[in-house]
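Chain IDs A, B, C and D follow the sequence of writing; residue 1 opens each chain.
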């Protein structure tokens, strides 16, 4: 068995988490650097995965596979493996984390520390809270989440996936509840703490309920396989093969129930209307990097899982559910955008925008065309980067002014032109301007949808216009116009912040101008998925005569 | 007039319980003859060695195949020595061992008159706050009787799941209950509550065992024998075929059904399943926390063992009669326990209600009358008992001037004051909630899968929803510990002696190990899944 | 006269005992009622033993008596302590812990 | 080579934006230089193209494969044929001139570097638009110019009006862009491709319905970009931007992209008469709409904006006529590019001299103060009103003639409309002329009490104006010589000959006649007697026209306000309903728990009761199970 690259990739941040958490309270900075170091190491490993992945003709669907016995009694094996989609997602995750760490560099310093002049437990009462090490905890948790996310992207054993899908909630939960951006609408510390923990609990319960429903489905799946196969299994590959060989057929009723069980969990995670309300709270209350972590990384597990498990395991049921799902996706697109228009709170606005974008992703997935699903996958990546750029800059802004209310800003571009510029670019990416990554994916999703469901495609287009509206209104209200009082001294982006934002922007442009490398990786996986659901792209009405170039 | 021949008894096969009982009696003698100063050490030593020895014996028996191939019925059919029995006895010995450490802890309470004291009353019989008590405290007395009591209880528990006829069942029940009643009354602080707990527990317990006994009587009336095997034969077979002489008086199904129901009810009481659960919160709250921990862990194990044997060996023929009823009880317990727990404000009561909910989860595994069902229940019991012990051990450490600070509001911000302890407790809570990578999840999955396998998907769904509700209040505690500002006059975490630390540490380790790499233990439970008939 | 009647009697006694437990306040009395239930069971055991013509029932009955005795010891001990500290043996007074 | 055409200005934009402070001094020169570079490139390519004969003049360049997903193959590839060549020349030349002009115009602006960066960005996007070899890449340029115009309109961000105008422009354009997007999707689903060649080649094999759909979608896009009714509302506000921007983007180049799109997609429209009819209607309506608005505005730039709309209306209408009109649409587009740019630059120069005063009623008699501006502006003016033998005369008359040649009632109707338009053009342009350069001086000290001192602008500004003036005078004549332009474009657009009931001469005569009428009318109103410095309230039509014929009020009432209500309503619902259900469930469990809790009342006997009851139920149930 070759070097377990995937395990290593996932293990590095996990180890990093432990190490970081172990750093003594006084050595805050050391902890930060350690965390950064480990996340960068992960990037290197992820790059290795990317390189080792073979996109050539006839390459295996799942590569870099690892398989070890784990809990034989449950029919669970430690099976890892990545197809193109998985590789892409892992790369995205690994890539984003260092930026998040960089962006959150001072977010988690204890209030008493000079880093941010908030009042809090003073040193004289330190004995009570001496061992409280928020900074270490913050970065350790982020790394922990990264590890679990990577594992769930790499897991080809359904149970294994479920474990991490579920387990990652816990560190996420502490990240949301434990570290706010101290800029809530409540001015009192307690009020914010209350709001935070409300958001955290909401996040956890929503996802836990989803997860538990999925647990029931997972058990059901095992029973179903146990009935028909020599022994029950959770191995995706095994199930796919069995179904291909005709040895396995859940039967319509069962399959639909199981599909629902899985889908609900993923729809909550994604989040899809009407299961979305946890996201605005969670993103609104948590610090910008955590908000990005939620929407750009963790939620992607949901859409990713739809693509890999819902479609892979339950093709007929997916087909059966498609009309409903597409409707929900459309509702999410429009609804999210409209609510984004109605927000007074920057981060909630971005959250609702994300809901709209997740609508696009789901739409693409269930359009069941190569363009749709390829686009959806690209969309996951691009949305990740774009939201990161926008949200992080917003975070810097909020940190400067100490308020999330749009109405507290105005004319920022006068005092902080660079900040405003980067903010604008992030915004333009969010409204998927051609030349930036998101455009490619959004257009692919639209084309993919349109070529099968014309009406749906056209409705989705409304999302494009609305996106322009909410982004530009946000930009206009915050960045342009006369300078609002309290912003006169607003400093422009610092070097640290620039080093975080600029690469993201560069990445956005690259993804917009030359996405080919990505599509090359993703396409084969998408084709596999399509063949799972026995779908082929619709043929053009009148194939044009290929004109000689 | 033939001379009665001595019963042949397989001493080896019975060694575990014999060791424990012997030690218990020894303990009593120690109380009688050793001077006060030395009793503590002597008792601790004896009980530890005894339980360790018993555990070794169990392991030995299991190793020599008594658990699997040559499972046997010992003591003239009185006791079964088979997989489930040995597995549970092993668990019980460990739980007892750990509890001894908790009982022996003497660094939590502030020293009285220079003497370090444990969390048990100096003179339980004396009036709280009365002169007699003050005398006793000044004299530095401590109630070292707790150790023999513990041993007796453990002994009874060892017999309980092994009991292979109704007589032993009843005796074991009483032997394990009576010491517990007493132990409940021995708290050093809040003695009124402690005594109240004892009274309630005692009266209700006696009440329950009366029902059980009457059930025994009826079953005997039905089958004309008290041995499980005999009854099973009558249930499954045609009475006349077995004992033509008694054909007239045997096989009256009414007796069987009513008797069986009462028997089951008696056991469900011990398990703490709705609607026989109401003693649990009060007793858990009033009893001295180490005792609560011991009870919560051990009693469940023993009682479920007995229940399993009864249902799987005696009444499988009646499956279609009792299954629906148990479904009802299961659902009621899962949902009821979880829902009521939401609004609890006292840690110990909270854990009590959670234990009720867990009783429900375990029952879900019980009603799946399959080998998988048995082994999943066994595994769950093993996992659950350690999480419980750990949780209560933590509760003993969070104290303020008035002793243990069990009111939840006082736990606010504990995560800031002592992150480590809070994290461990959070770990236990997450295990209770059944979050993956903890033992709780493995157990829950095993149980639910067994239930689903036997076609009880409905039960699984309800269970899943119930655990969602349950998750809510575990989370609430975590929120309280980590996300709310510590109170100025909040409790402090006392640094315990190695004893308690070991318990907590051990429990945490078990929780993680059973969560991450449960295979070995699952195998164990899997092999132990067969009852001897 | 047929042994069934003894069974009816024992059932009656059991019910009486149970009713007592539910209705009476005084802990001692409640406890006595429990004892009554146990003895009802004994009666049933003996009767059945007679009907079946084997001794198991009677042996069981003996054991039950012993157990009952032990229970008395423990029970009285507890009740008396409570009585000492509260100057009341009423079960309903012992209701500090609720909800 | 072609890539460089786009690349040069793009590089400029990148360098200027990234380079930051260090380029403050030289930034504008860099930008202008790069614009010039692409002009030179364009010229060389042009002459190279002339070297080859009609059919094989088109050049292709395939740079790299952009988005390859299964059948969906989008390439970054360029196509340089006569049509795009025309545009390239127009864009680069006017662009370069306006770069030059801006150096003077923006001299005192602290953010001049960024201004030039945006200008370069615009050039790049615009060139990409006209050079793209497939509709998706065209879409990129399409939105790119939208972005540039957004940035430039809102360049003076501190002015809320500017920021709002910028946003409005972008959003309205977005609506149009959706049309283009859908069109591309339709092409993909119909032809399995969206590159020009396969699509245009396949057009004649496809059902008319599909073509009509595609056509209408393309038209929607065109309306957005070219400010045609109903998506015209943004152009007027766009005048918030610096004047060079208005000249370059909102007069000469970007707004004409719509015309380019339709001409480029001629094959599709030829196959979809219905779509063409719609195009004609849109064009005709806009033509009048813009003219009327132009008559009423006192803001010189807004008046010119109205005129732009109206002129583009002409081009639209022409394209709607099919092969008969394409060539002349483009021709008018080019000539218009020159004289309208000239007019705007003139206006800019005037404002430059008048402390950025835009109200024409505050001008008057400026011919004495800024002669060069007067002359150049005047020439452009003559060109636009179609003074015989100036460029407007040729291009516009051809379109009117083509309109007549539609034949029948329609022909007469179109011709009439366009003649009316011509009259109005003459009217409002004369009005501008008179108000600005003739009559008495009417300016007063502004709020800060600065008396404006009108003065001629620096050379960097006047030179471009002169060049453009030359263009406006000569271009038409040059194009018309032996129908140079027609032959030049024919290979791409094709050429049709309708039979017109009226001859060229008659059209020319009529056009000149109505033109004179318009001039006379304007003189009658503004020339004879002094103009009051504050606008009289005027009749309802005037007031409506001042408010852009109530278009904004309409949009506000029909779209904006309901939209706001909708959003607010949804926000409320999301909180109360969707979220409420969840919280409600949680709360209800809490309540249930609270109620169940009371059962645990601390009385041992209650517990006993529950046990007893439980036992009873247990027994009963078991018996029942047996019974049933």
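Definition applied: a residue touches a chain if its C-beta (ideal position, glycine included) is under 8 Å from a C-beta of that chain, and two chains touch if they have at least 3 such contacts.
Because the structure is a prediction, the values reported are computed rather than measured.
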Pair joined by more contacting C-beta pairs (B-D or C-D): B-D
Chain closest to the assembly centre - both centres taken as Cα means: A
Whole-Å separation of chain centres (CA-atom averages), chain B against chain D: 80
Computed distance of Cα centres, chain D from chain C, in Å: 97
Interchain centroid distance [CA atoms averaged], chain A/chain C, Å: 65
Rounded Å distance, chain A centre to chain D centre (Cα mean): 37
Touching two or more other chains - residues of chain A: 205
Residues within chain D bordering two or more other chains: 586, 597, 600, 602, 604, 608
Chain C residues counted as touching two or more neighbouring chains: 18, 21, 30, 91, 94-98
Complete list of chain pairs which touch one another: A-B, A-D, B-C, B-D, C-D
Contact set on chain A toward chain D in their complex: 202, 205-206, 273-274, 276-277, 335, 338-339, 341-343, 370-371, 374-375, 411, 413-414, 421, 428, 433-435, 439-440, 443-444, 446-447, 450-451, 454, 457-458, 461-462, 464-465, 468-469, 472-473, 475-476, 479-482, 513-516, 519-520, 523, 526-527, 537-547, 549
Chain B contact footprint on chain C (complex, rising order): 7, 10, 14, 17-18, 21, 27, 30-31, 34, 37-38, 40-42, 44-45, 47-49, 51-54, 56-57, 59-60, 63-64, 67, 70-71, 74-75, 77-79, 81-82, 84-86, 91, 94-98
Contact set on chain D toward chain C in their complex: 597-598, 600-605, 608-609, 612
Parts of chain B lying in touch with chain D, wherever the complex brings them together: 199-200, 203-204, 207-208, 211, 253-254, 257-258, 260-262, 264-265, 268-269, 274-276, 278-279, 281-282, 320-322, 324-325, 328, 336, 339-343, 469, 472
Residues on chain D engaged by chain A in the complex (per definition of touch): 17, 60, 62, 64-72, 136, 139-140, 142-144, 147, 150, 154, 157-160, 162-164, 166-167, 170-171, 174-175, 177-178, 181-182, 184-186, 188-193, 195, 197-199, 201-202, 205-207, 210, 563, 566-568, 570-571, 574, 578-579, 582, 586
